[in-house]
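Alright, structures below, take your time with them.
One chain, chain A, appears in both complexes that follow, with chain B as partner in the first and chain C in the second.
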Partner chain A sequence: MRPVLDIADLSIAANGKTLLDKVSLSIAPGERVGLIGESGSGKSLTALAAIGLLAPGLTATGAISLDGQDVIGASERSMVSLRGNVTATVFQEPLTALDPLQPVGRQIAEPLRRRLRRDGEAAGRTDVAAGVQNLLAQVALPDPLALSRRYPHELSGGQRQRVAIAMALACRPQLLIADEPTTALDVTTQAEILRLLAKLVADNGMALLFISHDLPVVARVVDRVVVMQHGVVVEAGPVGEVFSRPQHDYTRSLVAAARSFDGALEGAA
Partner chain B sequence: MVLFALLRLLPGDPANALLGVGATPEQIAAARAQLGSDQPLGTQFINYLNSLARFDLGTSFVSHAPVLDEIGNRMAVTLPLTLLGFVLALVIAIPLGVIAAVKSQTWYGWLISVVSQLGIAIPVFWLGILLVTVFAINLRLLPSGGFPLRGWQNPLEAITGLLLPVLTVALVIGASLLRYVRAATLDVIDSDYIRTARALGSGFTEALIKHGIRNGSVPIISVLGIELASTFLGAVVVERVFTLPGMGSMLLLAIQQRDYPNLQGVLIVSTLLVLLIGFAADMLQRLIDPRLRDRVQAPT
Partner chain C sequence: MTTPELTIPQTHPRVSATLWVGLVLVGLHVAIALLSLVWTPYDPLGMTGGRLEAPSWAHWAGTDRLGRDFFTQIMLGSQIALVVGAGAVAIGGAIGVTLGLLAAFASRWLDDALAATLDILIAFPTLLIAMLVVAASDEANLFTAILAIGIALSAIVARLTRILAKRVLLLDYITAARTSGTSWMGIVLIHVLPNIWPTLAVNFALQFGLAAIAEASLSYLGLGAPPPNASWGHLLQEAQGTVYTAPIGAFAPGLALVILVVGINLLADGLRDVADPTRSAQR
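Let's look at the complex of A and B:
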């Protein structure tokens, strides 16, 4: 089966400085892959490159294909048709990722309307409104009707992230990219959002690229992990294998840190 | 009150100024009695407040015409000058500022920034003189200054008289507005919500229109309020260069003649206008940004 996302030997440089060095990564339809590494390791950069949204001034070399179409060197026009169609992305900080001046219902309606038109479905006012209510219910937000009229600053961090997920879901993408979606949230909310993401990905048969610096978090939602350090992939493999027999020093330290954290939790309990 | 006290602190006596150097002490005393400036300051102040409450700004020491009428006549010049100049400034600054931001990587984006920087550095009176030299003296297209005595009874003549002053105001204000528009647009382009919109399939231009305009306008509006107020106050210089009979020249003349009622009238009306503009800008921002609305209700 053709991979949804296929990255081969991707390097990114800014002003002659190499930020990413020959990163390769492939995600099959419906597959859930975790991308792990500390901040600055190039995880988010990889994700942005995959959807062709690198900041100007960054140059990417190598090959990226989304659903078989080249991303590097592609025109903005062809990228617009891939984004929101093949992929949808949920970003780290839901407060700034949402437009502060629009009620959240309208923000969900925007990608939804686009997707309905793309699929040739009815996209009238009532169709879209019903779709928004449905999406809000899918991300388990209470009282969708009242909530859709509220502004981002009137919601909690967890609610905002659910709205952002609903917006991504509205696109019905083949691949959901979640870039540190739980990092800005408190621990309880983190767990809820993770459960929600895992359920939605499974229900909708989407592939998932889950980016995090937090190994235990990643381990709960993905089948396979790719570990990055300093812009290079240092280890990749099925979650269980990487956890039980980490090959690289960096991975070992991540696993050890995660174990001692779990140990501390169990000791406390 | 502050205005009243400050003005009375100015050295010089209105009666002296009115009568000139050769006046006898008797003449001066008579003039003072007539003007009321021989009375104690407290009495003068109370009389003044009394008439202010009745929207009566008094009568000029010099021309004996009601101050409000004089201000009305002057406003017929200053208001169109300010508003037209300001609107033209917006027409110049908004599209160019957005282009300068969106195309900041190209040579023309860079050129727009540089030219606007130059525009900020140029003093208003110098630009006015430059425009007069080019359009009035070299090309002989427009009058170098002045305003028809009959005011707006001959609209065409009035407008031609205002063209160069309006252009001067527009270029100066436009240049500084352009910088703000550019900065606000750059902020918007870099914002996470634009990235989100694009990541979910919105085109760049579409995202800018749907999310950028409102977000970018919030910081711009507060600047607009300040710029409009300073355009109005800056009209003093422009009116001087083009010898226009507006609020600015009324202010200067009133100072020279120690014409306190006129002076107070100009300052009060100007202050009110500036406050009004600030208030309007504030209200407009609240209308656009729900976060500002909520701040009022929050008991913090």
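Let's look at the complex of A and C:
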């Protein structure tokens, strides 16, 4: 089966400084992949490059194919249609990922209307409104009707992240990119959002690219992990294998750190 | 045990006292300007009293050196002030917002070029640019004054728009919108303009006040609407020679201008609070 996202030997440089070095990554339809590494290791950069959203001044070489279409060198026009159709992204900080001046219902309606038109479905006012209610219910938000009229600052962090997920779902993407979606949330909310993401990905048959620095979090939602350090992929494989028998020093240190943290927690308890 | 009744805080923006005072002051000018279209106490050009009379019940603001009723002329002047203010802001806003957005979205060298040009333009006093534009046209009339002031203001609007738009473009929700496939035009219309609008609107109001002052200045210099259009600036200029003997001639149009500009600024402040739901909720 053709991969949803296929990155081959992607290198990115800014002013002669190499940020990514020959990164390769492939995601099959419905596959859940974790991208792990510390801050600045190039995880988010890889994800942005995958959807053609590199900041100006960065030059990319290599090949990126999104649903069979080349991303590097593609025109902005062709990328605009490709982005919403194939991918959608959930970001780390749900407050800044939502427009502060629009009720959340309207923000979900915008990509939804586009997707309905794309699929040739009815996109009248009532169709869109019903779709928004349905999406809000899917992300398990209570009282969708009242909630859709609220502004982002009137919601809690977890609620905002659910709204952001609903916006991503509205596109009905083949690949959901989740860039540290739980980092800004407290532990209880984190677990809820992870459960929700795992369920939605399974229910909708989406592929998932889950970006995180948090090993235990990643291990709960993905099948396969790719470990990055300093812009290089140092290890990749099925999640159980990589975590039980890490080959690379960096992965070993990550696993050891996670274990000692767990140990400390258990010791304290 | 009974459940205590919860009151849910109102999310509707509260209209502030600032907004009300602004509305009253600006509304007063608009009402007077509209009234003067159909009725004035006297014929603006008729000699209806003695020369340089002090304020009285018959002549609320006295008479000028030709014996014309001063209050009538101030009423007519508010028409010019409002028309020039609105016209100049419309022209300056249209040019400025377009240029500013263009710069914000442009490639780096075009942005740098536009930004440098704007900085140079802003270094010139608004009035000087307006005078140049008037000088470049064949005759000074109401329209050249509006156009000149509008062009002069556009640089300030453009620079503000560029900075505001660039700041919004860096935010995650723009990236989020782009990842979901929103086109550039969609991003401008749905996210950028609504988000910079509260700040722009306040600035437009400020520009409205500046435009009214600039118009008075141009007319004072004889570069605005030609007589017998009773611009406040023209009235001030006429009153200059008699400012010691009949100070009301300079005081009255000046006061009218001050009330209009203060009213506009208060209105802008109040409107900003209404336009921005995050601000109204904090109060």
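What we mean here is this: the second predicted complex is superposed on the first by the 264 of 269 C-alpha atoms of A that agree within 3 Å, B and C clash if a C-alpha of one lies under 4 Å from a C-alpha of the other, contacts with A are read in each partner's own complex, and residues count from 1 in each chain.
We take it that a residue touches a chain if its C-beta (ideal position, glycine included) is under 8 Å from a C-beta of that chain, and two chains touch if they have at least 3 such contacts.
Please read these numbers as outputs of a predicted model, since none were measured by experiment.
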{"item": "Joint occupancy of chain A by chain B and chain C, clash or fit", "value": "clash"}
{"item": "Which superposed partner A:185 touches (first chain B, second chain C, both, neither)", "value": "neither"}
{"item": "Contacts of A:99 with chain B and chain C, given as first, second, both or neither", "value": "both"}
{"item": "Set intersection of chain A contacts, chain C complex versus chain B complex", "value": "51, 53, 56, 76, 80-81, 83-85, 87-89, 91, 93, 96-102, 110-111, 114, 151, 153-154, 164, 167-168, 170-171, 177"}
{"item": "Chain B to chain A touching residues, read off their complex", "value": "105, 191-193, 195-204, 210-211, 214-215, 218, 288-291, 294"}
{"item": "Chain A-facing residues of chain C, complex", "value": "11, 107-108, 171-173, 175-184, 186, 190-191, 194-195, 276-278, 281"}
{"item": "Chain A residues touching chain B - in the complex, by the definition given at the top", "value": "51, 53, 56, 76, 80-81, 83-85, 87-89, 91, 93, 96-102, 110-111, 114-115, 151, 153-154, 164, 167-168, 170-171, 177"}
{"item": "Touch list for chain A against partner chain C, complex", "value": "48, 51, 53, 56-57, 76, 80-85, 87-89, 91, 93, 96-102, 110-111, 114, 150-151, 153-154, 164, 167-168, 170-171, 177"}
